[in-house]
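The structure under discussion is supplied below as structure tokens; questions concerning it will follow.
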Amino acid sequence: MSFLSFAWDWLKQPQQWHGPDGIPIRILEQLGYTALSLVIAALIAIPVGILIGHTGRGALFAVNLANAGRAIPTLGLLVLLAVTLGFSPLAWLVPLVLLAIPPILVNAYEGVAGVDPGLKDAARGMGMTPWQQIRKVEVPVAMPLIVLGLRTGAIFVVATATIAAYIGLGGLGRYIIDGLATENYGEVAGGAALVVVLALAVQAFFTGVRRLAVPAGVRQQGRPS
Amino acid sequence: MITFEGVTKRYPDGTVAVDHLDLEVPAGQTMVLVGPSGCGKTTTLRMINRLIEPSSGRILLDGQDIQRSNQSELRRGIGYVIQQSGLFPNRTIEDNIATVPLLIGWKKARARARARELMTLVGLDEQLARRYPYQLSGGQQQRVGVARALAADPPVLLMDEPFSAVDPIVRATLQDELIKLQAELHKTIVLVTHDVEEAIKVGDQVAIFRPHGHIAQVDSPERLLAAPADSYVENFLGFDRGIRRLSFLAASGLNLDDRTVVEEDTAASVAARAGRDTGEDWVLVVDAGRKPRGWAAVARLDSLPAGSPAREATLEPYGHTFSVHGDSLRSALDATVLSPAGRAVGVDDDGRVVGTTSYDRLRVAIHAAEQAADRSAAPGNGTAAGAQRQDTAAGTA
Amino acid sequence: MDWSAVPTYIWESAYLGIVPALLGLVISVPLGIACVRWKWLYPPVLSGASVLYALPSLALFIVLIPYTGLTDTTVIIPLTLFSLCVLVPNVVDGLRSVPEDVRQAATAMGFGALRRLAQVELPIAVPVVIAGLRVAVVSSISLASVGQLIGVSSLGYLIIDGYQRDFVTEILIGGGLIIALALVCDVLLVLLRRALTPWRPRRGRRERAQILIGDPAVAAQAGGAG
């Protein structure tokens, strides 16, 4: 049987849609973890990234952060914290936030650092304070990349949260992990299919956000040549 | 020899870059295409090696239509030098120069040896051979570009604003070296520039383009300066045309005066008399080797105690000298203007004073030279090799 | 505690990390060349890559199970696709980074398109491609450990085993070795780049971090400039 038939067989069972282990709840849980981690990561990463981009200090750190973030095995981090912290929510929250920070930070940094130096010069020359420069010129121009960083971060979080089911987290990963444990491939497939759909939805959501949040003039110049 | 016959280049959006161009580039000479931005000179150049294909008309290279040759083969026989040099950053200097020879099948050793030969020819230290382009200055990179174009000894060399990206001092040096090179190699060179001074300095023939791909005049630089075809050409050549033209007239035609040249040990009174006898206020003092030392005012010589040598008078600097054999009337005129005495010092190849000139003598020489030039440029006297006048009635933008 | 199996795990992690990246490279070079040659091809390829990159690796492993079972291939295929997503923009960027005057000079000297690609454009693109390769290799090594959840063995085994036994040291060793392996591969690739590009100034321009981020859409955002 193919993946889709397995998944479909399981998904069309009405009981999957009810109760505490039901699909709607799990979806909400996954979205919840994602949103929470993303917000925390963004609150940390965006200001730091903007600051590094504006002042130019710590650029080396920013660039290498992405590489470092990529090298850390998600499963390892999750499992490590689970064992050392026990049932604390930090066991999953910290890894999710930590893994979301690099893309958000680096993109915010590159977005601000990549602003046309002529533009920055003009802003300084006009007498804008640094804060004004950031708020009125640098951030708007960096918007496409900042949102892109959020999108990448969101995707990382969705993927990590799925894996975090292994250490007991709820969400759609639950189906995958439980299904693997009970050798119920239908459940595994169903879970995987839902995760895929969710990931695509999150991707589409941020693509939409980008259209709305980015001022039209900036969007024009952002098109690939 | 390169011939353009009715060549037109029209782009899909309607712009006409080159319009029914007829032009003959004489073999073994430097033809400079010059004109304002967008006039079609670069397009014309790039049609020669088929980087751009004409919409209509023919281009003949040594009598053969270039359309009939294979593109790549045609290009391997034509050297191409561009503004940004286009050196391959991933190859050493010698491998860059050896590119075309290697392409046509030379053995590596032979190609590299040829590369080193060319490096010497264009004035590059051989030690740079194994370096990479990023390690060279702009001027050096341009020389490599020229060497690379010459590597397979192509009969034709195309140059597209080759010296525009370097600073003026380097540019002047490179221009001089190109002239020297051409004197040795006698390639058919087509050079595009927007700088009319460069065109005049470097070109044997200069084609001045109007906007939108018409030629206003094709002539030798000297003829252009002497007889511009219309006001467009005149404006393009810029002011000072008369004086600039003098650089094409040899200083050897000057009748120099040596009566007021005195050796430094001559008695001041004798020197002063030499000046008075010829009606001049200044006398040129020279040393034992007849090298110039400076101008002495007759009045000052008179004020010296009797018997003092001329050298003890206060001497004004003699300024620029001009070479009687090599320089032009323009140099002589320039030297005259700069001299406090209103007279210039003409020297021979060893730096020894031959005589002095004055505004009067210059006037005579200029007149004579111009008449001689006009006579030899008259139709039927066989100058301005083959260049054809273009239809100057074509409208301008 | 059976430590004798660790070298095998290291080898497996390396295998599962490097093979997808190399396969991705082999596919992305022709694909990238095509995207540069036929410009209209690039936007859809990029969109496809963006979408693909968004999918969690675990989900993709699972999708393949009915077809390739619980073997290495199940892990290698999705990781190859991820590597592809990263490498295609890099190949395209690398080729586009060839200065126009260099390309023109090559054509004017009589280089055919293929020769120009092989002797001039691809060599110049090497640094950018290797930057992408670094991302691909490091990501793959790290993601391969997730394959342990479906039983595909690698250093991830130490992590899972350590969790089940509450054995922190084992977890740390597993994770630490993964990171070390990734680091070693990264350094080797940097050395490879240095060896292949003696023609580059040592104090090179800082590599744009977007390319290192690996999100194809981000690469496209930055692409063309710099």
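All chains are identified by letter, namely A, B and C, in their written order; residue positions are counted from 1 within each chain.
The rule is simple: a contact is a pair of C-beta atoms (placed from the backbone, for glycine too) under 8 Å apart; a residue touches a chain by one contact, two chains touch by 3 or more.
Computed from a predicted model, the values in this text were never measured in an experiment.
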Per Cα centroids, the chain farthest from chain A: B
Chain occupying the most central position, where position means C-alpha average: C
Chain B and chain C: spacing of chain centres that average the CA atoms, whole Å: 55
Chain A and chain B, separation of their C-alpha mean positions in angstrom: 65
CA centroid of chain A to CA centroid of chain C, Å: 20
Per-residue overlap in chain B, given as positions that touch at least 2 other chains: none
Touching residues (chain side chain C, partner chain A) in the complex: 42-43, 46, 50-51, 53-59, 62-67, 134-135, 138-139, 141-142, 145-146, 148-150, 155-156, 159-160, 162-163, 166, 168, 171-172, 174-175, 178-179, 182-183, 186, 206-210, 212-215, 217-218, 220-226
Chain C-facing residues of chain B, complex: 49, 51, 71-76, 78, 80, 82-92, 99-100, 103, 132-135, 145, 148, 158
Touching residues (chain side chain A, partner chain C) in the complex: 1-3, 6, 59, 62-63, 66-67, 70-77, 79-80, 82-84, 103, 106-107, 109-110, 114, 144-145, 148-149, 151-152, 155, 158-159, 162-163, 166-167, 173, 176-177, 180, 185, 188-189, 191-193, 195-196, 199-200, 202-203, 222, 224-225
Partner chain B, residues of chain C touching it in the complex: 99, 101-112, 120, 123-124, 197-201
